[in-house]
Structure formats: C-alpha cells, structure tokens
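Just dropping this structure here.
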Amino acid sequence: MAGSKYAYVRHFELPDPLLPATFIVCRLDGHSFHRFSDEHAFAKPNDERALKLMDRAAQSLMTEYKDIVLGFGESDEFSFLLRKTTNLYNRRHAKILTTLTSFFTSCYVFHWPQYFPDTPLRYPPSFDGRIVLYPNEREVRDYFSWRQADTHINNLYNTVFWALVQQGAQTTTEAHATLRGTLSKAKHEILFSRFRINYNEIFPRFRKGSVIVWEQIPDAPHDIGNSQDMVSTQDPSGDNAVENSEPSNDKDATSSSQPKQKQKLQVKPRTTIEIMHCDIIGDEFWQTRPYLLSG
Amino acid sequence: MAGSKYAYVRHFELPDPLLPATFIVCRLDGHSFHRFSDEHAFAKPNDERALKLMDRAAQSLMTEYKDIVLGFGESDEFSFLLRKTTNLYNRRHAKILTTLTSFFTSCYVFHWPQYFPDTPLRYPPSFDGRIVLYPNEREVRDYFSWRQADTHINNLYNTVFWALVQQGAQTTTEAHATLRGTLSKAKHEILFSRFRINYNEIFPRFRKGSVIVWEQIPDAPHDIGNSQDMVSTQDPSGDNAVENSEPSNDKDATSSSQPKQKQKLQVKPRTTIEIMHCDIIGDEFWQTRPYLLSG
Amino acid sequence: MAGSKYAYVRHFELPDPLLPATFIVCRLDGHSFHRFSDEHAFAKPNDERALKLMDRAAQSLMTEYKDIVLGFGESDEFSFLLRKTTNLYNRRHAKILTTLTSFFTSCYVFHWPQYFPDTPLRYPPSFDGRIVLYPNEREVRDYFSWRQADTHINNLYNTVFWALVQQGAQTTTEAHATLRGTLSKAKHEILFSRFRINYNEIFPRFRKGSVIVWEQIPDAPHDIGNSQDMVSTQDPSGDNAVENSEPSNDKDATSSSQPKQKQKLQVKPRTTIEIMHCDIIGDEFWQTRPYLLSG
Amino acid sequence: MAGSKYAYVRHFELPDPLLPATFIVCRLDGHSFHRFSDEHAFAKPNDERALKLMDRAAQSLMTEYKDIVLGFGESDEFSFLLRKTTNLYNRRHAKILTTLTSFFTSCYVFHWPQYFPDTPLRYPPSFDGRIVLYPNEREVRDYFSWRQADTHINNLYNTVFWALVQQGAQTTTEAHATLRGTLSKAKHEILFSRFRINYNEIFPRFRKGSVIVWEQIPDAPHDIGNSQDMVSTQDPSGDNAVENSEPSNDKDATSSSQPKQKQKLQVKPRTTIEIMHCDIIGDEFWQTRPYLLSG
C-alpha cells in the first residue's frame, strides 16, 4: 500500500488513558472574553442573553453526552462532571477533552442568533478546556463549591462596581478604589444605602450561576419548582425542533406519554435536563441526587 | 476570602508541558462527519464548498496563531505543524490542544453560511483533536507524506467508486465489489475506459489536499502561479472585511504598498498565507521553505 | 557562572506529580529471578531464607519510609501501600518510585549474608518497580486480594509440582502434564493421597505470603499471637545493631519500657512493625486496622 | 480462576511509553550521600575508592544494558545516555528507569567490599533516578557539558576549601568565607600561592569526572593511551571472574584472540568498555565517536 512506508509515524501517538474509577471534571473557559463581551456590547455586570446562551450550549452538550451528570456555569466558564465510571471513548484524555470543547464551542456559535437576534457575531469566539481528576466525592463537592463561591464573590463585586459606575457616576478607576479592601457586608450596604438594591433579590441566575442536571421524572407530573432559586429552563426561540442531534432526551420528548415503554415495566426512569440556579454548596442538593456521585 | 477553603481543589490540576524543542503536530478530525455530510447533502466524492470551508477555518486559525507554520487538509481532517521552538501557552498540552480545536470549530460554524449559502446548518458539527510530538525533521516530513498519500489513496478509490455508482448505475455494494483488491493502475483504467476520466486532470484540490503555508513576499510582486498544482486562494464571498480578528496578515493587506515600513529597513520580511494543492512528499516543497523545519 | 549556558537543559525535566488524595501502590518484582534462584540454589518450591530476606528488605523499607502503611510479599515480588494523603517527595512519581526501588534493592544485597551465610552472592540481583494509583478503598482491598489469591494459586501448583518431581520421580515435563487442567481440589488430593501432605498444614508463609504492617502497641503487653496464621518476625542473625538506619522502630526497641515518653502523656501511640502471614482477603484484617485506608 | 474477580485492578496500570526516536538520559543521584560519606569516612575533597566504585557500578550497568552508549559520573551521581532508537523494554518509562536504578544500586553494594576492603558498609545506600528526554543532538551535548562544567566548578571549590581546612587550619566556616564571591582565577591562585597546588595537575578523574563509552577495537592492538586525560580502567581486585552476569564484553574477554569470529569475516566490530577522564565539552570527543549520537 502506498502510504505504508510512512505509517510508522503513528507510533508517536502515545496512549493517554485517564485513571479509571475517578471523577472527571471538564472545565471550559471563554478565550479572551473580556474583549469578546466588549465587541458584542454585553450588558454589565451580567448579560442575561449571554448567560442563557452558555446554558444552552451546556444543555446541548449534556444531551449529546449522557455521561455528563452535572454542569455548572458562571460568566464565560462552564464545568462538567462525568460519571466516575464513565467509559466514554475508553477514557482517552485528549479525545474526551477535545470532543467536549469542540461541541460546546460549536453549539455556542450555532445558537448565537437565537439569543442575540440583533447582534451579528463579529468573529469566531473560542474556549479552552481542561480535565481535572478527582478521586473522592468530597473533592467533587468542594470543586463545585469553589466555583459557586467564586460566582458569588465575583458577582457581588461586579454588581456594586457597575452600580457605582452606571448609577453612581464614578469612573471605573474610582469604583475600584471605592471597593478596595471592602468586606462582603460593606458591599451589601453600599448597594442598599446608595442604590436601594437588595442583593439577595437579584436574579438567582446572577448570584448562583447555572446548575444543570439530569433529573428523574416521577410518574406523576413532576414539580420541582418548590426551590426558591430554581428557574425552569426556557428556550427563547422555541425552535428546538430544528436541532436534529438532540431529539431523544428533550424535555418535551420525554414528558410526552410513552405507552409502549410503560408496558415494559419501565425499568429505567425517564429523565429530563433541568437548568436551575440553586445552592450547590450545602448538602441538600447532593443528598437529594445521590446518583450524581454514585458509581 | 469566602472561596479559599475550597481552593485546594486546584492542586488536582496537574502540569502537562510538552517536551521542549520538539515539533508539535495537531490533527483535527470531523466528528461523525459521515452523517454530517449526508445530512447536509455534500456532493460525492468531493464537495468543493466543504473543502473550501475547511481551508478557510484552517487559514483563520493560522492567522490567529502565527506559530503554526504549515497546515495540511483533506476531507474532514486538518493537520497543523507548530514551530519546533514555539512557546505558545508555555507549551501546555491541554491549553494548546483545546484552544486550536475550539477556534477551528468556531471558524467552521461561523463561516458556514459563506460557503453553503443555500444550506442552513442543521446541527452543530464538532471535531476531535490530538497532539503528536515529533523529535526529528524526517518524521515531520513523513507525517505529512503519510497524510498526503492517504489523500491520494482515498480520493482515487472514492472517485472510481462514485463514478461507478453515479455514472455506471452500480449499487454501492456492487461498486465496492468491483473495486475489491484492485491496484491503483486498474482504478485509473476503469476511470478512463468506462468514464473518460483522466484521473490526473482532476482538481488538484481533490488529489493533493490543501497545503497552507506562510510565504515570504519578495519585494517584487510575487508570482506563485508557476506550479501546475498550485491554486491561488479564493474567497467565495469576498467578505473578508467583516472578520475583525484576522486583519493584519491578509494577502491583500500585505501585498499593498507600505512605504512607511520600507523606510524602517524592513528587517522582518512581509508574509502572506497561501493555500496550495501541491505535492509535499517530494523534496522541492521543503527545500524551498527551509523555515518550516528550522528552529 | 561557567555552567550556566548549558543549564537550559534542565527545562527538559518535566514535572510528574501523582494525583493527590489517591492511594499509591508500589510493586517491586525480581528481575530474572528464575535464573537468580537457580544460580543460588534456592530450595523448591519455596526457599524460606529467600522469603525472609525479602521480608527483611521490605521491613527496612517501611522503617525508613513511614508513609508506607502496608507491605505484601510473595516469591520475588513485594507490594507497598502508601497513605492516601502522603506528601512524600511532593508526590513526584519518579522520585518516589526510584527511591523505594533502590533502597529495597540495596537492603536485599546488604542483608544477603545474614540469610545466606553459606551462599555468596554470585552477581548483583535487581528489581523493577511500578506505581499504580487507586482512587478508592475497594480497589486497594481488591489489589491486595489479587496478590494474595495469586500467592495461593502459584503456591498450590508449585507445591504439587515439586512433590511430583522431588518425591514422585516425575520429570518436570511429566509433572506439568499431570497437573494440566486440574482444579484446586484435585491438587489437594494428589498432595494428600500420594505424598501425605495436608496442604493446609503447610507453612502459612508459603500459603499466605507476608503481610507487613505498622501496628499500634497497646499499653498492656500486646499479644497478637491469636491468629493461627501469624508468625512473629525473627531476625536470623540478631545483628540488627549494626544497622544504623533502622534503630528507632524496631520491635525490640519500642517494646522496652520507655518511662520518659509515658510522662509526655504519649499522644502518639507507640508502633511496631509486624510481619504476619494471615488472610487479607476477608474483612477482619482491614476492619481491625482502619488506619490503613483512612486519610 | 480464583484470582480473576480481582484481576480488574490491573486496568489501573497505565501505559507510559517514552516518545520514540528521542535520546533518553537517565541520571542517578546518591540519596543522602552527605551523611553516607561521613559515616564511611570518605576522604575529602575526593575519595578515589568511592569514585572508582561508582565507575564500576556504571561499567557493570553498561555491560548489562548495551543500549547505554555513554556514561558520565562525578561525585555521587551518574548520567547514562541510551541510543536514540533503543527499544529497551518497549521504551516503557518506569520499567527502564527502575531497572537501571536498581541494578546500579545493586552493583554498588555488591562491589563495595572490593573498593572498601577495610570499611564495612554500615547501612544500605540508595540512589534516586530520573529520565530526561532530549530530541536533538545539540541538547545531548549540552546536557553532558552541563554535568562536566558542574564537575569542574564543584571540584575547584572543594579542592580549595579542603586545602584551607586541612592544610590552612581554617574552620569550615572560615573557609567558606574566604571563598565567598571569588572567581575561578582567584581560587587557582589561592591553591598555588598558599598550598603549592597546581590545579591542572590534579587527577583528571577529579577534574573531569568519569566518561564511560563502548569503544570499537581496531584489528591491530588498540592503543588509547595517547590522550593526556585518559586513564585506563583498573580493577582493584582482579576478581571480575566471579561476576557471571558480565562475561561477554569484558575487556579481557574481547581483547583475547578469537580466531573463530575472525573467520566469520567479523561483520560486527569488537567493542570494549573504556573509562576515561577526558574533556567532553569540546567537539573532539564527539566527532571521533559519531555512533554516540547516531540513530
């Protein structure tokens, strides 16, 4: 065969399996999104369209890769937890990492017009990705606590900062100076005393980030809306239907009646993807979803 | 600080530097592009629009990441060679790999409408990526020979196969049977005797793949059209101007007269990206471009 | 400085940290010990001197490296478990692996004359080593079960095999043929019916391998002799005293009365290394030593 | 099979191949040799016995592992260069690294009594090891230049330091103070003016370290004594014969007449291991031995 004398170069491709039976966390970060958000006139301190687009890309990724059991996003980053025992692509490091990064990126660009109908994309955005392994449940919990605590810290700062700039007529330099060294409590007070903003009444999406999980649907019509911070997922354009790659587990699809499956005694519970904005630092979130950390 | 008690989880992010002073090849492959090309009705055996879109994404990537000195593409894959001494992202493996994969993917989706104006993207395409290190020049040459030999083998087979199906009224099963075990020469003869196709007159793009390099521009107006297989890059839509991220090294930009630069004694030669469809297995391509393999 | 222009070569030394919070198992194997045992006329199927020398090297290693909490040896191999949270050498892979391998090897050669007083070492023996990471307790347990099950399988086979050869006058070829395809029960019967050997009465050391642990010493004179398979460690030559590196934790040293330490309220319990030949597949061994698998 | 339910734990052993076609350097360092040299009363600044023992262990290692083409040693460290194309143990990282480290250690302990007949080993010495990959010849040369420059720097300092202490009656603190900040030239002058020592007349072994190579033997009786810094290897005890593992390539063996081999037209040149103390920073050493860096 013509190519065979060159095929030896394949031997330089070295194996890169990830340690078995270990939690895989994949985190994606927007590349130069400071500039990107400026160029596309993102609202400050939070642009709801941009956040919903991130959620949508994450939701599509989790629909395509069912071994991702949890996603958490804030700003221009998203973290995904894969099942401890996943055998996706035989746990090949580069294969998993690049496939998830590429698909997320593709979804972001693909869905952009739905979320920014009046703002054409000026240039192609990109994300970097990394995989981190966690051997123990405690570390997985602490990883997501770390990200949500970061969300809180950043959002509180940014909320006060942009209030000072947008409503308080400070320059950005002055606003940074005002905030330098202030504790959390002081920031709350500035917000309330000067701008009548009660931080705790701000959108949960901004304060808590986005939490995406596969939820099991009880037989009775499910109602998970009793959490104060939970917001049901909304597709702004309603055009899910065009997306051929994501049919099988769409919320709509799975909530329709499926008589044949029920006759099979329905061993596997029906599931749906939920986007929430709830606390994931405390125990409740995890205790009510033991499957997130189980093998 | 609120998040500090969780910050220890960062210690699980392990360093992943690539060996210094080694050639880095990054290869991207379309994910499930068999289905993707069916869903978007790609022409068989080659869809020129799709190939030009791949070239465009590659060209954008090389414009953004100047340490990529060579690209080679065929079908739904593209390989990129980084300078042996590149210090891009401190040679961090995952950072380089995901950034290139993500940006290429983003460009592919972003530029899709220019190349498929009548075919809306039905769902988000994705690519996987891998990095392979080559310590020696010989192996880099053989790597690219391997890919171009593969291009030849695949394209010859596909060209005959689809001629048998589209013009010879064979089923795909029959066409595979016809070709089973045939040598290259026999395939050429089937093409010519039955379909009057001289394989060597087929588009170089299909036979040779796409070769993308940074070329130095001589002071005199350059002319690279003397190679039979070389095809100058053509932008089908001519709307390069909208792409803010890629202004500085466009062919048009750099080939315009720049008197001010010349006054500075022009230490650094002007360069431009060229897309060619030439042989890269022989010595000539490499001997005329010693900078590809130099440190 | 004279050497500085060359010092850049250090940058090719890449970091190799082991994943934190994961159990580290280091297994050493004799290199070409089939030949080595022949050259030094090891008794078949088991040479007690050689096994005790392995135990001694392992004991010395565990005395020197206190983060090793468990050792298990059979034949010419030994496995060591490091504490999940050990920070030995900042968890650098090659540093830990080579240091343990080298020290064990050194101890083996150093102590050889004590165990083989009449057999001079003919050439330098060596060991290879590997590190395997286990994220979960279950896998650590199963790893050691795997090794002890292997001990049982090999020893039963070898015991019957050498009985057939040494007492049954079979050639080695005949003995292999006799045993081909036999189940465990059949092997027991051959042993008993033909050679009056009750396998279960064979030395626990041969049947169970060697288990080495740091045991906490209760205040009252400890008695761990109630396990049928436990054999107290015996130094054949009694010349521990010459070994300066290993004084502090010898059984004899720590079991002597130490009034001064007791006055300090003895926060840290006294410990001693024990060599046992007990079952480690069942739960009892692990349940009575929870510190083996705790952080 | 009894052990099979546990055998899954083998899947946690991950592959670790070294990049093909890359030079492998393995460096071994004495572990806590400051204490070790004190405990065994090594002469200061250099103990010839200890250095010769290191050389002997290195020579034995290179006799056993023929893919090591060069060794360089100083003080308590030794570096070994493996052929770029070696396929030793399929280039498995841990296997190569631990096997070399272990065998070197074993040789050191094994041969100790020959070099220290009056100094019993008080405890088992050990070495750590690391592997560094170098893709290019230049870096291999610079690596060995780095080590030999280090040898020079250290030895010059130590020579003056110990002259000040042993002959100049300074305390070690005073001697360090005397030398602080001095350049090379000043150190030479102190040596000569105060102690009548011409540094360049000191043993080449101390100034240059030990260089060990496989040399090809010309048909005529070879003579390598024309290099000023070259010292032929001397076995202090002459008991090579006991060492069964190293018969085939001993100097004595290969320099004896071998009429049968000569009749076979002697395609493969005879080789012998040479220990030298010559310059390896300049070009001559490498130019006369092109096989060191060739594939």
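Just so it is clear, A, B, C and D label the chains in written order, and each chain counts residues from 1 on its own.
One rule holds in what follows: contacts are C-beta pairs under 8 Å (C-beta built on N, C-alpha and C of every residue); 3 or more make two chains touch, one makes a residue touch a chain.
As the structure is a prediction and not an experimental result, all values here were calculated from the model.
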| item | value |
| --- | --- |
| Centroid comparison with chain D (C-alpha atoms), farthest chain | A |
| Chain pair showing more contacts of the two, A-B and A-C | A-B |
| Mean-CA-position distance for chain B and chain A (Å) | 32 |
| Distance between chain centroids, defined by C-alpha means - chain A, chain D (Å) | 55 |
| Cα-centroid distance, chain A relative to chain C, in whole angstrom | 48 |
| Multi-chain contact sites of chain D, meaning residues that touch two or more partners | 12, 19, 21, 133, 139 |
| Parts of chain C lying in touch with chain D, wherever the complex brings them together | 1-3, 6-10, 12-13, 31, 39, 60, 94-95, 97-99, 101-103, 105-111, 121-134, 139, 142-143, 145-146, 149-150, 152-153, 184, 242-246 |
| Residues on chain A engaged by chain C in the complex (per definition of touch) | 19, 21-22, 133, 135-136, 139 |
| Interface residues, chain B side, partner chain C - complex | 11-12, 14-15, 17, 19-21 |
